[in-house]
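The structure under discussion appears below in the form of structure tokens.
By letter and in written order, the chains are A, B, C, D, E and F; residue numbering begins at 1 in each of them.
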Amino acid sequence: MRILVVNANTTLAITEACVLAAQAAAAPGTEILGATPEFGPSVISTRAENAIAAHALLATLAEHAGAVDAAILAVSHDTALDAARQLMPCPVIGMTEAACLTACLLGGSFGVLTLGQARPYEELVARHGLTARCAEVVGLPLTPQQAIANPDGAAGQVLAAAEAMAARCDSVVLAGAALAGMAVQLQDRSPVPLLDGITCAVKLAEALVAQRLPKPRTGSYAAPSGRTGIGLSPALERLLRGG
Amino acid sequence: MRILVVNANTTLAITEACVLAAQAAAAPGTEILGATPEFGPSVISTRAENAIAAHALLATLAEHAGAVDAAILAVSHDTALDAARQLMPCPVIGMTEAACLTACLLGGSFGVLTLGQARPYEELVARHGLTARCAEVVGLPLTPQQAIANPDGAAGQVLAAAEAMAARCDSVVLAGAALAGMAVQLQDRSPVPLLDGITCAVKLAEALVAQRLPKPRTGSYAAPSGRTGIGLSPALERLLRGG
Amino acid sequence: MRILVVNANTTLAITEACVLAAQAAAAPGTEILGATPEFGPSVISTRAENAIAAHALLATLAEHAGAVDAAILAVSHDTALDAARQLMPCPVIGMTEAACLTACLLGGSFGVLTLGQARPYEELVARHGLTARCAEVVGLPLTPQQAIANPDGAAGQVLAAAEAMAARCDSVVLAGAALAGMAVQLQDRSPVPLLDGITCAVKLAEALVAQRLPKPRTGSYAAPSGRTGIGLSPALERLLRGG
Amino acid sequence: MRILVVNANTTLAITEACVLAAQAAAAPGTEILGATPEFGPSVISTRAENAIAAHALLATLAEHAGAVDAAILAVSHDTALDAARQLMPCPVIGMTEAACLTACLLGGSFGVLTLGQARPYEELVARHGLTARCAEVVGLPLTPQQAIANPDGAAGQVLAAAEAMAARCDSVVLAGAALAGMAVQLQDRSPVPLLDGITCAVKLAEALVAQRLPKPRTGSYAAPSGRTGIGLSPALERLLRGG
Amino acid sequence: MRILVVNANTTLAITEACVLAAQAAAAPGTEILGATPEFGPSVISTRAENAIAAHALLATLAEHAGAVDAAILAVSHDTALDAARQLMPCPVIGMTEAACLTACLLGGSFGVLTLGQARPYEELVARHGLTARCAEVVGLPLTPQQAIANPDGAAGQVLAAAEAMAARCDSVVLAGAALAGMAVQLQDRSPVPLLDGITCAVKLAEALVAQRLPKPRTGSYAAPSGRTGIGLSPALERLLRGG
Amino acid sequence: MRILVVNANTTLAITEACVLAAQAAAAPGTEILGATPEFGPSVISTRAENAIAAHALLATLAEHAGAVDAAILAVSHDTALDAARQLMPCPVIGMTEAACLTACLLGGSFGVLTLGQARPYEELVARHGLTARCAEVVGLPLTPQQAIANPDGAAGQVLAAAEAMAARCDSVVLAGAALAGMAVQLQDRSPVPLLDGITCAVKLAEALVAQRLPKPRTGSYAAPSGRTGIGLSPALERLLRGG
């Protein structure tokens, strides 16, 4: 089974870190491939960047259509997830979506812990229809740069936040590239399970691929057909045209 | 990996059918065990039976605590799911919950199709916090007995219903033991993917076990401790006592 | 009019305390009977115990089917309320449900105050469909044992909590056996009305019995008919069989 | 116990009919008084009339403040219910609210059946925070005049509607003065219980009065104090001034 | 274009202040008229006053039916808004509604900041169907009298509250006559836009009038017709009679 | 005042039609400018096209940053609305958002009528937080091509749908470029007001510009600052860099 890990920003180091995390989570026999957009934001931390990255991500995904069994969006905003699902012939899974749905499987309520603004993740959880399961979204007042510069300090803050969130949450989703690896590192010390997006996405992708479910033939997730455009990549054009 | 498939009613034939379905879905290396309660309703089709079966199911689960890596509730009402999660030291997954969460992974809205009354499944979806993702629950005016007596007629009705539901649903969960096997049988003819609870539960159980997530140490899903009772099975008593 | 007060745990002292509270609330001409399960948890304070107690409670109720005009579930989790309603030929009322609906009659928003975890009561209010009326659920960090050992201290904490909750709540439901009697004791000093579950349930049961409303003949609350099982009490078997 | 039945329109015949219905439902020892506004709409069937009637109803209620133990709003729109609760020193209950809360006590979902437009009742149920319990509101295409002119025909339509609603509703609230008496008349033939607003309100008023709950001393339901106005009735002025 | 600014209380000074604010916001060519009820509460700060004022406001509006192009309710509770819309032949806009909808146009979530109790504004936002857009309602512990006596102190408290609310809100609606003028005064110092009800209502009224949309001919917002009453003003009677 | 009408697809004819509609709605003194993306989908009718168009639309908007007083998204999916709001220094309004908020101002519930799939518009209304105000979304089984080829037939279908929707809706939003002009054409024959997105957006843009509200300085709608990317247009790069 070949799973594509697609970054939505242009920073190769993030793609590589996500690929490593995915490989650590993959079952024997699962091959992990990485892909990085050739254009778009260096890092996504604003609404505008997220919207631009949607195009970049779809164009990158399109290059691999037919050559992979599933794709994982390695971006905590689950950028363009619905569009990617419609476009691609294989299952597509968002990393934060995957962690939230895994949290549901553990029972009770989950929290989401991120760096910076909480609001976009509240909206994301709402778009996934999971607001009723999400007890709170907490944004630590810490930039990714600060977290990377002082990983021990960041880990301490994450653990303290998880301990506080455990009063309301039965598990905590760690959202954002800067928190990658934290779930494993702090799992034993946290009062509730910590969920890592890439890990969850790999396991759910494997679970989905094994079922070999067909794509819907009707509705807004059916593959595009006969659509045209200007200035799009050949691969993207091909998928929109369908056939 | 050992996964227990626990029936919540006392009909051995249903346990056996679910075990077969689980084995068909299991990855190499996954061993499926079946278990059937020694008391309780023959079949669960009323609120009262469902409440009684909760005890029977927990008692049955308790016999296997520590001996299995995960448990699947082979009852479409996801009977006592929250209690089973708290009680057991391993992951526990409900078959309808599993199908609904898998439907979420496919994107868009799902429908639930069952025999008989729709209302209890609407409540179940609401308890899972997934109402926003569920476009409709349809109950076919057909008893399990009728479906088993005339499987081709039942299959025709299920397919017709799925076709109608595809106007609002991007996938359809088939709920109820009497519809077991239908998803595979009708998958190619259905306009949207059909989801089978046991199959989805096996794949999600495998995905969860592989992550080796700890149990919460606080909150209402932490293991019971120091609890006592009268007339409970020794295994159930032991789990309630904890330690 | 005969009203049955059914405990869901096996502690006779709790049944007796609830019967006394019910008698204090009953109108002239209302006779209060108590019943205690013969098996099940000593006290219900976990999800697992609540699920097990459902069976015990239904079995206890079944012994009195036809011999009482209404039944009150003397357990603050409103254990198996929907199942009991379906099973019994008379009205069945949960004590926390009763207090919440009485709070609705007072107008505005209510709060729920309990000892220990708030979350299960938030879920209970949601299952009753009353989330929009419930401003908050507060769980005091106090065990029932501590409350009973130091009643004045507990009363002080309850009053302080009610005063704080009055900023958002127009009335406060006291939930949990350990708070029985507190509503009457603190009523004069509380800024908003305090509601006692047993008292509310008795008054609503009397109101309902007087109306002599029939049971639904269709739907998921119609009496069971033709259902069978193994190892169930004769009384329970009889009700499931119906007819 | 003295319960005031306040009409919100100026039609004495409606007040009298509601008083009779209330007397039929009252317990021995409960005295029913009627009151009719001296100004306002003849009948309330538009949003504008309902808003005007709020003033008329409060002025009428104010005349009886201190002289009754509870008040029932004999208007199916539960006109000015929150204001009346704040203003009056005794419990105030709306007739549709009472029927909806009684329906909750029966379990499951209720429907509301009325003549004419359904939408205002959907809004009313939402204001009561009971949308999650209400499966549907059905407005029969029949004017009150037609219903009164042809009571058998109207009864037939109501029964047919209740039978159809029983597919989704475990009980049905009959809303509107023109349907008074129908619940009793059709109860035996209906597949699910039919609820009459005045009857339910009387029983709930009796239940509430017996509890002797205090009025909140803080919040938006505390009695007005020190409020003044122009052109208000002396009784209304007195209650607004408080003290 | 003539826009009527209708106060719902009888305090002429408030009407005059609102008319001045409206004139400051009006486009060239927009004429602002003021109107004050001849009866009703001096100031509206309780549920009872709000209900009484509904009648007074409709009677005042009715005097101008046909003579103005739009009406603005100069009362932060949007008193009787739905009734006024049905009754009047022209668009009617509530000042808090206008500010909330303008906040929606700015994107993200808004907060509402008022003096005194927050709860009635939470209910108002819910009645407008905008709960999902409203991050919080904050009631400063300050009476209108205190705010008027110490405007600089009040401004300081409003600004401090707006700064705190900016953590969750992308804009803040200032609700209540005592905060009139604050939005303009503090706009430059606030981290998020402050919205003034009268200003927003004038601009939205101009926008709506320019579209010349017809009134609905069916449903609960269609003009009343053939309705009668007792003791109503001739103008109100005329509108209820219709034709 | 200069208002930019930005198309999100590359079809110049649609831009021109929208500019004409905007000019017809504009007040004297309002200048309407049109803009068309240089890349992206020819027409947006799938999720994938909508995601791609987000980039194209932001790039097109960026070219006019600082040169216009407001921007209107001339695409019925309100593509990238939140991102555009964050990015641009001026107000940005979506055409369907504008029509829905205008419908709110008319009171009651609105419906949305479109050609093709209803589901994406249901999601759009939900993202705008207006689900509680939207009674239904209806998708006519008609392609834009069919509507343009047979305008009278399409008009007949739209009118028939509006008449049916009037049973539940107090106004109807017409969504989609192919329905442009229909609102004006059918207004007199429709039982409830029909709302045109471009017209509503122009009037609301004028209303918003006149208020000269500042941009938020904090939160997820504050202007981007210090953001970088690869392969972005110079204008887009400049806005992301900020300063």
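In this section, contacts are C-beta pairs under 8 Å (C-beta built on N, C-alpha and C of every residue); 3 or more make two chains touch, one makes a residue touch a chain.
Protein names from UniProt, one per chain: A, B, C, D, E, F = Hydantoin racemase.
Just so it is clear, the model here is predicted, and its values are computed rather than measured.
Asks: If you list every residue number at the chain C and chain D contact, are more than half found on both copies (same) or fewer than half (different)?
Replies: Mostly the same residues.
Asks: Which chain has its C-alpha centre farthest away from the C-alpha centre of chain D?
Replies: Measuring from the centre of chain D, the most distant chain centre belongs to A.
Asks: For chain D and chain E, let me know how many angstrom lie between their CA-based centres, rounded off.
Replies: Taking the average C-alpha coordinate of chain D and of chain E, the gap between them is 29 Å.
Asks: Report the inter-chain centroid distance for chain B and chain D in whole angstrom, where each centroid is the mean of the CA atoms.
Replies: Inter-chain centre distance comes to 44 Å.
Asks: Check each residue of chain B and list the ones that touch at least two other chains.
Replies: In chain B, 82, 85-86, 108, 119, 219-221 touch at least two other chains.
Asks: Within the complex, which stretch of chain C touches chain B?
Replies: 10, 38-43, 45-52, 54-56, 58, 80, 82-87, 117, 119-120, 127, 219-221, 224, 227-232, 236, 239-240
Asks: Which of the residues in chain D come into contact with chain C in the complex?
Replies: Per the touch definition, chain D meets chain C at residues 25, 27, 81-82, 85-86, 91, 93, 97-98, 101-102, 104-108, 128-133, 166-167, 169-171, 187-188, 191-193, 195, 199-200, 203-204, 206-208, 210-211, 213-221.
Asks: Under the stated contact criterion, what part of chain E meets chain C in this complex?
Replies: 119
Asks: Considering only the defined contacts, which chain C positions touch chain E in the complex?
Replies: For this pair, the touching residues of chain C are 108-109, 168.
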